[in-house]
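Each of the next two complexes has chain A plus one other chain: chain B in the first, chain C in the second.
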Partner chain A sequence: MDIQSWIRVSSVVGAGVSMGFGAIGSAVGEGYAAGCANEAMSRRPDMYNDIARTMLLGQAVAESAAIFSLLIAMLLLFTGGSSTSPLAPFGLIAAGICMGIGAIGSGIGSGLPAGAATIGIARQPASKSQITTTMLIGAAITQTSAIYSLVTSFLLIFMDYSARPFAPFWAALLGAGISTGIAAIGSGVGEGFVAQTGVESVARNPTAMSRVVNVMMLSMAVAETTSIYGLLIAMILLFKTYPATASLASAAALLGAGICMGIGAIGPGIGEGLTGQQAIRWIGRNEEATPIITRTMLVGQAVSESTGIYSLVIAFIMIFVV
Partner chain B sequence: MAIEGADIIKAAACLGAGISMGLGAIGPGVGEGMAAAKACEAIGRNPSEAGLLTRTMLVGQAVSESTGIYSLVIALLLLFVV
Partner chain C sequence: MQELGKIHQLIIHFMGHDLTFNVEVMIMTWIVIAFLIIFGISAAGKKSILPGPIQIVGELFVEQFFSLAEETIGEELGKKYAPLICALFMFLVLSNWLGIIPHLDEPTKDLNTTLGLGLMGCFIAHYTAIKEKGLKTYLKGYIEPFFMMLPLNIIGELANVVSISFRLFGNIMGGSIIILVVSYLTYSLFLPPFLNAFFGFFSGTIQAFVFTMLTTVYIALKAK
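This part shows the complex of A and B:
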């Protein structure tokens, strides 16, 4: 089979992977938001309009991860054949994997604050605008890990591979897609937990909004770090120069670095999100204890981060030493 | 492209190291996060015991960390000894 056919095959497979996996997260998140909206309406049927509007606003943000996947799938289907390098099939498949898997976490995560906002509005109609603002801040930050996947997918599709050696660069392309894509799951879900409780706490205690939102953003920034490690490894894999080599081991090391950082980022992302969730819940209930809770939250998150840093170290060793 | 047995072993060791450290990082990450979450909850209920609660959290997290360190050791062995 000639290279043009392989490029076409990889574009259509990549498009399928991108849209198929990319549809999981947003659908789950939006379904959760709709379920919460039903619960809220059964308590306050008279507030139908406000609840439905908040639900749709939150769902629109959660939808954006799936729209990124649709965009990458369309690009792969309609422009995928522009390069003729033998590396192009690997780049196109990697772009599909990266965007598809990368949209799961943000899609689920963004649905959680939307659901919490519908219930919060039914409980505290007077603080509707504060609840909606907190929801939008939380959902927007949750989307960032899907945006990292989108950026990496664009690079994988449109990069100029012509000057790169086939081996081992094919493994670097796959490794970059896997690293950013899988790493985005943990941060997306973890930040969603934090944003959900941030909205809940604002609805419970609107006077504590500024403290709750500050700690919420701090905690989301910490949970974001592991997906930034995933992006960092992907960028190093894509932009480092490699000598041409026929050795299978040097290719496997690059692919292994991507797998290591990608999967290794899931646990710390979710764990740091769980920590931030409880910290914000209790700042909403016991505002005077904010400094001590924030300090404990940061210490706990730092320990939880350690395994993500081990993965980063192993990935660096595989890229630069092996 | 002739592929030697030693090259395949080295390649498999690299992939194995990545899988070992990657999967091995999930459990401690989530588990330590849960321990820290409960510590934050307990401090929210009873801020006067913050010192004791933080100490207990760190001891529990250190135990939970051990499996992550096993994964790290195995990954380093795969990369530098095999």
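This part shows the complex of A and C:
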């Protein structure tokens, strides 16, 4: 086959992967939100309108991860990239993998605060607007790991790689897609846990809102760190200059770096999210203990993150030494 | 679509080296700085007991960030660092909002800006640590819990800078890419204003706050 047909094949396959995997997360998250809404309605049937509105608003935010996948799938189907280099098929497939898998975590994660918000409104109708604001902040930060995947997929589709050597760079393209995409799973889910208890705590104790939201944002930012390592490895893989080589090992090292960082980032993302979840829950119950809880949370998250840093170190060694 | 990823650069040859200037980013940064200076002069120039609207906004910023800094870093040091933290937040929030105006770009969309601000926070945090704890205790922190952890502790410190700057960069860049692509696909009809409101105002404010908060916490963790 000539290169044009390979580009067409890869853009179609990439679009399928992007939308297929991308549909997983948001659906799970939205289903959870709707389930929680049922619980809320059975407690307060008279508040049907408020609960249904919050549920739909939360689901709309949770949907955005799937919409990013849709966007990339459309771009792959209708534009198919602009390059005709033999590297283009790898870039297009990698873009599909990156966005598809990258949308799973954020989709699941941003459904969790939406669910907590519906229950919270039923429990504490007077602070409806505070609960909704907290939910929106939490869900918006949860979306960021999907946004990193979107940035990487966009680069993979539209980057100009005509001057790059074919031999190691095909692996760098695939590695970049895998690194950002898989790394986004853990952070997305972990941040969702934190946002969920953030909303719950605001509903439990609305006067503590400013402290809860501050620590929630901080904890989510830390839980997001490993997905940023994924983005970092992807950027290095894409923008480093490689000498042309026939050795398969040096190409495999680039692919390996992407896989290492991507999968290595899942655990720390979820683990740091679990730490933040408990910290926020107990700040809501005992506001005075905020400084000591925050300190313990940050130390615990730093330890949990160290395994992500091991992956980062190995990925660096594979890129720069091997 | 094609304008994405193109950066207008001014390259000057100087003593055998190429000095590269990202002209657009610098102009946008100066626009933000000019805004802030005008805001500062009009907020604090005519101080009165019955404050005008701009003075109220200024007082709101100062009050919020002084209390945040004091709560996070501690009474005494907090007062010292609060002006820095307040200025950092105001700069970032204006930078992130700037992209809403047509033909203007967010300076934070460029990694150089965010990395520079991240490095600034890192240097301030380490300076604070040396000043507050003394050089010996500061250096001892690197070989805890045991000596073998030295390389990992150093990488951990560098990873902080990388994560804080890539977080802001990735979010602002991602937002502007989404707005650009959706505007292109819908011929700029209907959707872009809502996306601008979400990614520019809402997400931009959140990310500016997260960056400020993390810088504050890094300083606080180093100071104690």
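The rule is simple: the second predicted complex is superposed on the first by the 320 of 322 C-alpha atoms of A that agree within 3 Å, B and C clash if a C-alpha of one lies under 4 Å from a C-alpha of the other, contacts with A are read in each partner's own complex, and residues count from 1 in each chain.
Throughout what follows, a residue touches a chain if its C-beta (ideal position, glycine included) is under 8 Å from a C-beta of that chain, and two chains touch if they have at least 3 such contacts.
If you're wondering where the values come from, they're calculated on a predicted model, not measured in any experiment.
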(message) In the superposed model built on chain A, check whether chain B and chain C fit or clash.
(response) fit
(request) Could you say whether A:S306 touches chain B, chain C, both of them, or neither, answering first, second, both or neither? (result) both
(message) Looking at A:L248, would you say it contacts chain B, chain C, both, or neither? Reply first, second, both or neither.
(response) first
(request) Check whether chain B or chain C contacts more residues of chain A in the superposed model. (result) B
(request) Mind working out whether A:T296 is in touch with chain B, chain C, both or neither, as first, second, both or neither? (result) first
(request) Scan A:R285 for contacts with chain B and chain C and give back first, second, both or neither. (result) first
(request) Could you say whether A:F158 touches chain B, chain C, both of them, or neither, answering first, second, both or neither? (result) second
(request) Based on the superposed arrangement, let me know which partner A:I314 touches: chain B (first), chain C (second), both, or neither? (result) first
(request) Based on the superposed arrangement, let me know which partner A:G273 touches: chain B (first), chain C (second), both, or neither? (result) first
(message) Output check: A:G264 vs chain B and chain C. Expected answer is one of first, second, both, neither. What do you get?
(response) first
(request) Quick one: minimum Cα-Cα distance, chain B versus chain C, in the superposed arrangement, integer Å. (result) 10
(request) Using the superposition described at the top, list the residues of chain A that contact chain B and also contact chain C. (result) 306, 310, 313
(message) Under the definition above, what is the set of chain B residues touching chain A in their complex?
(response) 1, 3, 7-8, 10-19, 21-41, 43-45, 47, 50, 53-54, 57-58, 61-62, 65, 68-69, 71-72, 75-76, 79
(request) Could you please specify the touching residues of chain A with respect to chain C in the complex? (result) 68, 71, 74-75, 136-137, 140-141, 144, 147-148, 150-151, 154-155, 158-159, 214, 217-218, 220-221, 224-225, 228-229, 231-232, 235, 291, 298, 302, 306, 309-310, 312-313
(message) Using the touch definition from the top, list the residues of chain A that touch chain B in their complex.
(response) 167, 186, 190, 246-249, 251-253, 255-275, 277-279, 281-283, 285-286, 288-289, 292-293, 296-297, 299-301, 303-308, 310-311, 313-315, 317-318, 321-322
(message) Please output the residues of chain C touching chain A within their complex, sorted ascending.
(response) 1, 4-5, 68, 71, 152, 155-156, 159, 162-163, 166-167, 170-171, 173-175, 177-178, 181-182, 185, 198, 202-203, 206, 209-210, 213-214, 217, 221
